[in-house]
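Next, two complexes with chain A in common: one pairs it with chain B, the other with chain C.
Presenting the complex of A and B:
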């Protein structure tokens, strides 16, 4: 969602250049990708499809991997970039391309969502990993309900394809 | 008018021959028997002998519309079964003028043909006609062709959805006079054939039976005109596209569109011709170009033949080389533009795909929010059980309105990008065309350069250049002539299209002979509905009953079918069939004068419904109708008694089943064969 300060700054800049900015409010609605329900579904789908059993503890997933998975699921056009990054291994140039790194690192909504889900008891921090919390069934229910209603097919398909793309912890955390 | 005089079914079973017969007189008559007696076999026999089985939704010559009793196993009085070896059925029609017609068709056996016995003034003629394949088209062997002639019915051409010609068939008319027990009561003309693709066939079938052939012809002309106009609009779009492609191939920008109404297109295309449009929009005047090229060629020829060349002029190699370099520079610039356009196109396509995804995701999210699928309405802390406000975490739960607005904004962006992508695509086509032209020019310039370079001495170099230039001018002239030919060909198509469009829009549709008949049909329907005691159509409201364009009855702006109780549906269907018969058998009408209603009570046990129907049957309107009404139903004894007292003809056939084994005659027990109908009157009148 465009921040108010940024819009005001832009307006000030345009005014200083003799331009007459006209704000079309109908275009200022926030994008759906910042919506709580949408992000919760994407995280639920990523967790349900990619979290692994790690006995004796519950299912878990590397936090950065979860962040990457949901980031790509929201933007399926980046699949090719991730594939080439995975194929290149340690070479990070492809990851840096397309402003992928900047967008990925700046994904604050994800961080807020994780904090929210941890507070809700849906997820739990375990070092670098996020594990299923005491209320983890909420994610499973949300995912099952959306699948049965045939919702978010592209996101789910992208997450399924990502299961075939090798992304190691070293690649995620860097050297 | 005709009437049905008998229906017979007979056959051979493993236990011997079997048969069943019903005889009819004119006017109203009721055949009352218990359920599963075989009434529907008798009713279906009429449709089968007329070869109109497609109304049952089955293939031609497929007898599966009949029950097992005439196809596989016949139930015997002792509740055992016997195999059916062969079976057939027969009906007889009697025309007002005395002619008789018997139609006999196998049910189990060769179902392709119908044996026809025609009796006119004591003369009997027998023939075998084809029941279905080519039934209308085959002038010598087609059953329907014969029946239309026998009934003195005119053949009427109608249009199909595909734009091809078809005609009114018997199976289009029968659903209005034969109401089948299983499917016929669901809706008016419930068994009308839709799969033939005939346009407005329900309305046409009604108008045919009313005898409004003029109205049908007007209707067909109108729909043909609409189809023609649609085809012309499609052709206009095609021509406009070809003009645009032709212009883009040559890097010309011309405004020649094929959208809008026929009148608009005719106005645009006659305001200026294609050559004028090219001259005004793209500054292209091919005639002037050819004349300019001829002038230049003349000068060059003169230089070669009479004027001679300046032997001290050494500029030829430098000029030709400079020209080639200039063309290469232009080619390089164009190549860069092409490359940029390709990248822009790829990015535009990618952006459109991304917008499609975002629209889909937002639409799914809206659905999730509206339907509440899997949403967390209430979020609380698992430790302190206090509500967790997403805003505390800088998260927003957007409203459905906000998501809807976002979807609209995305769709606007998508439309803009699609238009942008189209414009880039057009730019690409033009750039590719320019590249082709430039390549041709470059090849010619390089050829001239090679000739000039190979020449020795200033004089020869100039001659080589002039010859090369002449050759290039010739090729350029040829191209211009080709362009003119293509433009003239397109202009020819445009002129022909304009002539067709003017003719199509000016075509007048003949007046119809419908008004009076339509009103008479409506009046009759009102009368029958009131007499049948339809719960919504009473004497006080009948004037509000109207027909829409499709002859669907409406009451107070609501479809009558949707009003009233469930039992009103059968009253409406009955009234519609009888009213049409009453109107269509008057002067000029083409209704055959027979109505068959198979179980109008629909086995409804509601005493009110039954008493209304019995009451209707005993009224003058039903009893004194000029046409024949045959009703197959199951009445109680007191109902039969009441009707007979009123003078209504009610048949109550004896036995548990209509089809019964025929005991072998004592004198010839070994005779095997199918008995002639009617065999025996097992009916009690």
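Presenting the complex of A and C:
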């Protein structure tokens, strides 16, 4: 005999008990992943922790690397995947690496956020890199404020751990 | 990569029941007379499928690769499993190292009267070693001699098929590949769901305790089991969401939007109805209707059904849909 679905059992029990229904749509909490303020902080933290000085120009970071770093900072469970991917070198037989590449490259919210930050003069495109723009202090201030308020500890810790993972150009751009 | 090569690869990644299910669907599509043999409730008598008036028999095995350290261990396990299947067909058993005749009562209820199997295909998800063939052939010789061969013809052929053979023997199209990918994805989500931790389920616990209070005491076991089912479905929904979030962000956004639509639809029906809980019973159906356009083709109907149940369990678990004791209680 096919099993009765849990929700049907619940429905029958509630019906027979004459319980009063309560529907609270406000309890459906949207994911922070689509919160632009949160995303701006994560990009700020990734940039502050990973961008490098490149005299005579300002600090910069490979744009795809920034995309990858912020993607993992939000999803610390992927640390093991990036570590194995980095360690695998050219041998990319791992399905997890394939999935991660597809995942972070498809992060459209990041693209929209970067477009906003470039338009705001916070970041600036320099070929394959994103450099600090004329209003770059916004990122630094945001990061400093979060650190002093002890906020977003997991994301910051993940970004710090990522400093010990070698991310190659091949991982970002392919051969 | 050719379609048959890709399908062989997808097949080799399936294990256990998923592998057997895919083999049966594949053979069912390719061979008109193919008959799947359900294992429940009496066992399959050693047979997973039959065709050609039950003269061709199929036994499947999809070992879990991570249980084996070396290829030779895996090959040895495959040989052992198929020897065991063959003994069932020949109605034999090992007793203190000796082969003895037994009666396989179930096989008599599976094969038509007077039919003996003339070809046996042993289908496995890993066939990268010729060392599987010799021991099985030797076993077949022994079993022929030892058995009274009531259900297997004395001259029956026994052949091993691996993913490559199964992929090349019959045509492969995109839907075949998609089907095998769905099975793999479903398994990954199910496996991830086992490790998903639900953060702060206290509201859910309170709600289920309140249900126990308002229902008659004899419903207690049903409520306990219901709680486990809802938690399991909820974990499945979370695992699926995590999987999408890490690999297909665009679909994750769609899921996020759909979740709100499911709640709105269920809420509208419940509020408008004089039997609101009956509407809740249809919530999974509503969820399937909302999710299908984006998820059915990409993930298949089995996963869609699991996601729908999971999303509804999540609405209960995260408390947008809740209940209170009746006024007279």
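The rule we apply is simple: the second predicted complex is superposed on the first by the 140 of 175 C-alpha atoms of A that agree within 3 Å, B and C clash if a C-alpha of one lies under 4 Å from a C-alpha of the other, contacts with A are read in each partner's own complex, and residues count from 1 in each chain.
Definition applied: a residue touches a chain if its C-beta (ideal position, glycine included) is under 8 Å from a C-beta of that chain, and two chains touch if they have at least 3 such contacts.
In this text, all values refer to a predicted model and were calculated from it rather than measured experimentally.
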| item | value |
| --- | --- |
| Chain B versus chain C as contact partner of A:11, first or second or both or neither | second |
| Which of chain B and chain C A:21 touches, first, second, both or neither | second |
| Chain B versus chain C as contact partner of A:165, first or second or both or neither | neither |
| First, second, both or neither for A:107, with chain B first and chain C second | second |
| Partner chain(s) touched by A:77 [first = chain B, second = chain C, both, neither] | both |
| Touched partner set for A:119, first chain B, second chain C, both or neither | first |
| First, second, both or neither for A:31, with chain B first and chain C second | both |
| Partner chain(s) touched by A:135 [first = chain B, second = chain C, both, neither] | first |
| Overlap of chain C and chain B interfaces on chain A (superposed complexes) | 26-27, 29-31, 33-34, 75, 77, 108-109 |
| Sites on chain A touched by chain B in the complex | 1, 26-27, 29-41, 74-77, 108-109, 112-113, 115-116, 119-121, 133-135, 138, 141-146, 149, 151-155 |
| Residue ranges of chain A in contact with chain C within the complex | 5-31, 33-34, 75, 77-78, 99-100, 102-103, 106-109 |
| Chain B - residues contacting chain A, complex | 350, 353-354, 357-358, 360-362, 364-365, 367-369, 371, 373-376, 379-383, 388, 390, 393-398, 402-403, 405-409 |
| Chain C - residues contacting chain A, complex | 210-211, 214-215, 219, 222-223, 226, 229-230, 233, 242, 245-250, 252-253, 256, 259-260, 263-264, 266-267, 270-271, 275-278, 280-281, 283-284, 309, 312-313, 315-316, 318-328 |
